[in-house]
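One chain, chain A, links the two complexes that follow: it is found with chain B in the first and with chain C in the second.
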Partner chain A sequence: MSLAETTSAPETRSRGPVPDRLRAPWEAKLKSWESLLLVVAIGIFILNSFASPYFLNAWNLSDATFNFTEKAMIAFAMALLIIAGEIDLSVASIIALASTAMGLVMEAGFGTPAIVATGLVTGLLCGAFNGVLVTRLGLPSIVVTIGTMSLFRGISYIVLGDGAFRGYPSDFSFFGQGYAFWVISVELVIFAVLAVIYGVVLHKTNFGRAVYAIGNNATGALFSGIRVARVKMILFLLTGLMSGVAAVCLTSRLGSTRPSIASGMELEVVTMVVLGGVNILGGSGSIPGVVIAAFVMGLVTFGLGLLNVPGIVMSIFIGLLLIGVIALPRLWAKVRGRG
Partner chain B sequence: MKLAKLLTSAAVAAGLFAGPAAAEDMRIALVVKALGIGFFEAAAKGAEEAASELGDVEIIYTGPTDTTAEGQIEVINALIAQQVDAIAVSANDTDALVPTLKKAMQRGITVISWDSGVAEDGRQAHLNPSSNALIGNMIVKLAADELPEGGDVAVLSATTTSTNQNIWIEEMTKVLPNYPGINVVGTVYGDDLADKSYREAQGLMQSYPDLDAIIAPTSVGIVAAAQAVVDAGKVGQVNVTGLGLPSEMAGAIESGASKSFAIWNPIDLGYSATMMAYHLAKGDVEAAPGAEIEIGRMGSVTLDETGSAAMADPFVYDETNIDEFKSIF
Partner chain C sequence: MSFVKSREAILLAAIVLLLGLIATRFPAFITPHNLASVYSDTTPLMILALGQMVVILTRCIDLSVAANLALTGMVCAMINVAAPDLPVGLTILIALTMGAALGAINGLLVWKLAIPPIVVTLGTMTIFRGVIFLLSDGQWINAHEMSASFTGFPRQVILGVTVMGWIGLAVALLMALLMARTALGRSFFAVGGNPHAAVYTGLNVGRAQFLAFVISGALAGLAGYLWIARYAVAYVDIAGGFELEVVAACVIGGISIAGGVGSVLGTVLGAMFLGIVKNALPVVDISPFWQLAISGAAILIAVAFNARAGRSKGRVILKSAEHAQ
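For the complex of A and B:
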């Protein structure tokens, strides 16, 4: 029995389709979560335009998108991974290793296509390494990826020490510094394309259904004929690949590689995913939520930056936003439950 | 007639609008490696001092939470969006900031780096706290000032391959003839390890019983040497000097093992960086090799062929000012 069969004729099976969300009443609440987030995003946008005269400027807003595009690229794959009940904390270190590998290829005299390919392949290999440890050896992903977080970045430090790779070819700067048209940067286009792809994969395919099923009940999914290990392996590969894509963009934007590149980014990616309404315990969440969360985080950091609010206050703000957006729907549910 | 009147009032109106714009303060952003670091807080204090001296300057003191290049880029992007007049940055990464700072310059913002520099094409000028020649001279001067009759001094360096220390010792040797009576009896290497530096300092005092001073141009060596002098009971006989951090050297100054030592003064550095950014943004001077830039009470600096300038002699710390600075850095 294949998955396609199941979904094409769900009414004939007693099991029915694997549910998109936990329970039917949840669906409405999750929808309201995303709309709540959207309201927050619009609110921040309006507040920002009043707070700073520099906010409503196409070029400034375009610059602001760089605050989140690379993180969001990883966040899409991370969202799927977290929905499936796993996590990858090594993503920032994968960027460091991929960027270092790209630097080595550049030093060896190869051009932009080879450099980009190296970044993507390194990301895939790192993802495969994480995936094998988790799915074949059955190790918890949080432990594995905390380990590889040090491992991947450690290799970069061994290769580079306190040095740096610089002198990337000028056409390589296309990815991180180029513009597709007018103020729409290449990174923003990559972000948008990936958002659509991940949205379709998660919400419109059997694979996406399998991801939810695994996150809700991995054993149940296994007995329902879902190849749980294979799906998880693919998710780790995707997360690695996305880290590779982000590595290409970030390296191109910085025009150089240092082993400290992207340090601390993994937590910002996880924050974005959780803010987007993905259940950190797995089983639910959506790509539109993550997209809105990316904009919220980008708008908040940029808006506060325009007001020259110190970075530490900014992190407090993001923290409060995170707690607020997560706590509000639950509080609301509790209040309604009692009433 | 009516037309003329209309034109005049229009001109007056335009003048009214132009007036405040022209009188608007120049906004200079002091971007540091990370907020909450004593050294940079002190630099910000210096920048504010320069601003109040200049009158028409507003300082935006900002920086990321961690010392990352990515964080600094986000901060700089926000500053570009605000169309500040000048950015003076102490960079977390020599190269990674270049594309962003280039964009800033394209949009008409004056960009300089200070303390920790940016690669040449990412800024118009760079301000070093001091120069190798000035440091080489200062370390021997500090020893010589305490020895009016002349005397024997020894050098406790970091490693034999430490580029900075080797250059400073070389520069020191060059100016030695200016200090008659000062006799450098030897150079030892503590490898910038506290215990090895301590043993090497002990060895110096044993090998040269008449030793008058130890010059340690390294913040690790100078502390270890001062400790060795205290432990050997030679406070008052052997003076330890060189380059050190006020927070680490406060004890040595208090015990008398070190009369004085030198390092850059962050307040002066922030002050000078602001002055430099101001004059470049104002167009008083073009950032080009050989250009001389006024930096207020610190005098003036000259840009070399890489667009870098050295601010001044390292600042001398002794018992009169150590308490003020030991809490700063």
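For the complex of A and C:
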């Protein structure tokens, strides 16, 4: 191996330069990751409709959206966090803790507004905890959130043990089981609204540009007058808050809280973000990509479910998807580089 | 003097203090016999942590170790069911080889395709678990299906300590030798400490990371056989979430997640600390449900401690930038 090749080995970062304009020419748009993903999504959709006669049914398709709406809510905030060069592996545990807190408030006799507020505030507090450890103490976010991943879910286990909270008030089921109109569920509406908000924040505001700048060069961003620590703190808060929102939806949909709720979801959220074309090393990615990735993952799991594939086998597909999505373009580049 | 101030000495003091606290509530905990059994119980964690240590030293992380352990363990158990007369030595060899092969998959993806280790091992973690389900069809392999020599070997007692404990000690000594006395061992420190400098010294960073994953995988495979044989049962969810405990043991043991800093003794003590906490909880009447939260808190305290210890090193040129990060 030549020296030139090895020098780049330790910190290979396939980041492009920061574009000074957001709008790309139309042919570049056609070749983009998002359009490729869209083709994949349509392909899976067509494949599914041939594979199972039950697939093309408005209610079944509506059910399929529950496979990704909660995860996608977190994935939007996670996308921003990963673009800024950090990660939060504790999101599923935040759901567990928020859901447990909601259960405690419910047991104390409070109604739906208090329960929802508790879920959201717990999420925010967890996000703040992660954020303070990362931005104030300067600890690496991977280790911090691996730690809080045990800590948050651990607290749920301390509270609940092998028990569960049941008996949420009936109007609480609105968030996870309600429908806005016809087959459009409340969760799907929340998902769509959040997608638009995050899309605008990331792609149309100064804050969004700051997120990209930090991900590409945090020190450079600092010297350009961006308050790096504050932006990161806000991103951790947002991720916590979104986990709280997802906790409200998931708890409402399941109608109960167990300490094992949403276990392993952090993996699916990260997969969704990476599948959506966000660079895991930070610096690039888009919200439309994450939205399409959410649909792809929802369609795949729903299609496999219709074919009676067990959940754990589906997780093989998720794992392969996660590695394959990153590996294939790199393999392709290597092969082309050689030829 | 330098040992007194060292990370290992502080950790050792913490462990002694912990044992003292437990003894005030339950004196029988610190009898040699009980301590030996606590040590044996902690051996799988220690073996995995030693593998993880090498990976973290090279600036990577291996979250697939517990899934590797479960997959290799399941395969060992299935081989045992199919061929009960296979010598235990051969089973261990199979476990080491298979674990190393699974580790090599991680290593190759990190080395050749430069995919971030956390992504690779999050992926392989779920894939390995899924493969166990495919292999076993979701069925359990229970004690009565395994041969007596298969399950009995790790539990034999020599000089008051189980064979499993002795294997753990052998692994720790071999790793200490590897890390301190061989070029490969030193290269792990060099690669993690400063990858660019390592390249100019003629070291291949990717290759070192690959070998670290192979070592971690082989040790996970070994622990897989020991685990399955010790508990005499194999199923899909064995050692679920154990990877976090392994990372916790390393972080508590003073392995810097930024790479290049750590020691075998620290890792062993980190694993022992967690093992003692785990075994002491039931005897001092604390629900085992506390354990997850305790190891989480221990990770956070340890990593904050590591960061403080490491901060004064090196010359800070840009103070404001340093603090903003």
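Please note the rule applied: the second predicted complex is superposed on the first by the 283 of 339 C-alpha atoms of A that agree within 3 Å, B and C clash if a C-alpha of one lies under 4 Å from a C-alpha of the other, contacts with A are read in each partner's own complex, and residues count from 1 in each chain.
Everything below uses one rule, namely that a residue touches a chain if its C-beta (ideal position, glycine included) is under 8 Å from a C-beta of that chain, and two chains touch if they have at least 3 such contacts.
This one's a predicted model, so the numbers in the text were calculated from it and none came from an experiment.
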Contact breadth on chain A, by residue count: chain C or chain B: C
Partner chain(s) touched by A:Ser224 [first = chain B, second = chain C, both, neither]: neither
Contacts of A:Ile312 with chain B and chain C, given as first, second, both or neither: both
Partner chain(s) touched by A:Leu267 [first = chain B, second = chain C, both, neither]: second
Which of chain B and chain C A:Leu151 touches, first, second, both or neither: second
Chain A residues contacted in one complex by chain B, in the other by chain C: 264, 310, 312, 315
Chain C-facing residues of chain A, complex: 1, 3, 6-7, 9-12, 87, 133, 137-140, 142-144, 146-155, 157-158, 160-162, 218-219, 222-223, 228-229, 259, 264, 267, 270-271, 274, 280-281, 310, 312-313, 315-316, 318-320, 322-323, 326-327, 330-331, 334
Chain A residues touching chain B - in the complex, by the definition given at the top: 52, 54-55, 57, 59-60, 63-64, 66-67, 164, 166, 173, 176-177, 250, 253-256, 258, 260-265, 301-302, 305-306, 308, 310-312, 314-315
Chain A contact footprint on chain C (complex, rising order): 59, 61, 109, 113-116, 118-120, 122-127, 129-131, 133-134, 138, 191, 195-196, 198-199, 204-206, 236, 244, 247-248, 251, 257-258, 287, 289-297, 299-300, 303-304, 307, 318, 320-321, 323-325
Complex interface listing, chain B residues touching chain A: 34-36, 60, 62-66, 68-71, 73-75, 77-78, 80-83, 93-96, 98-99, 119
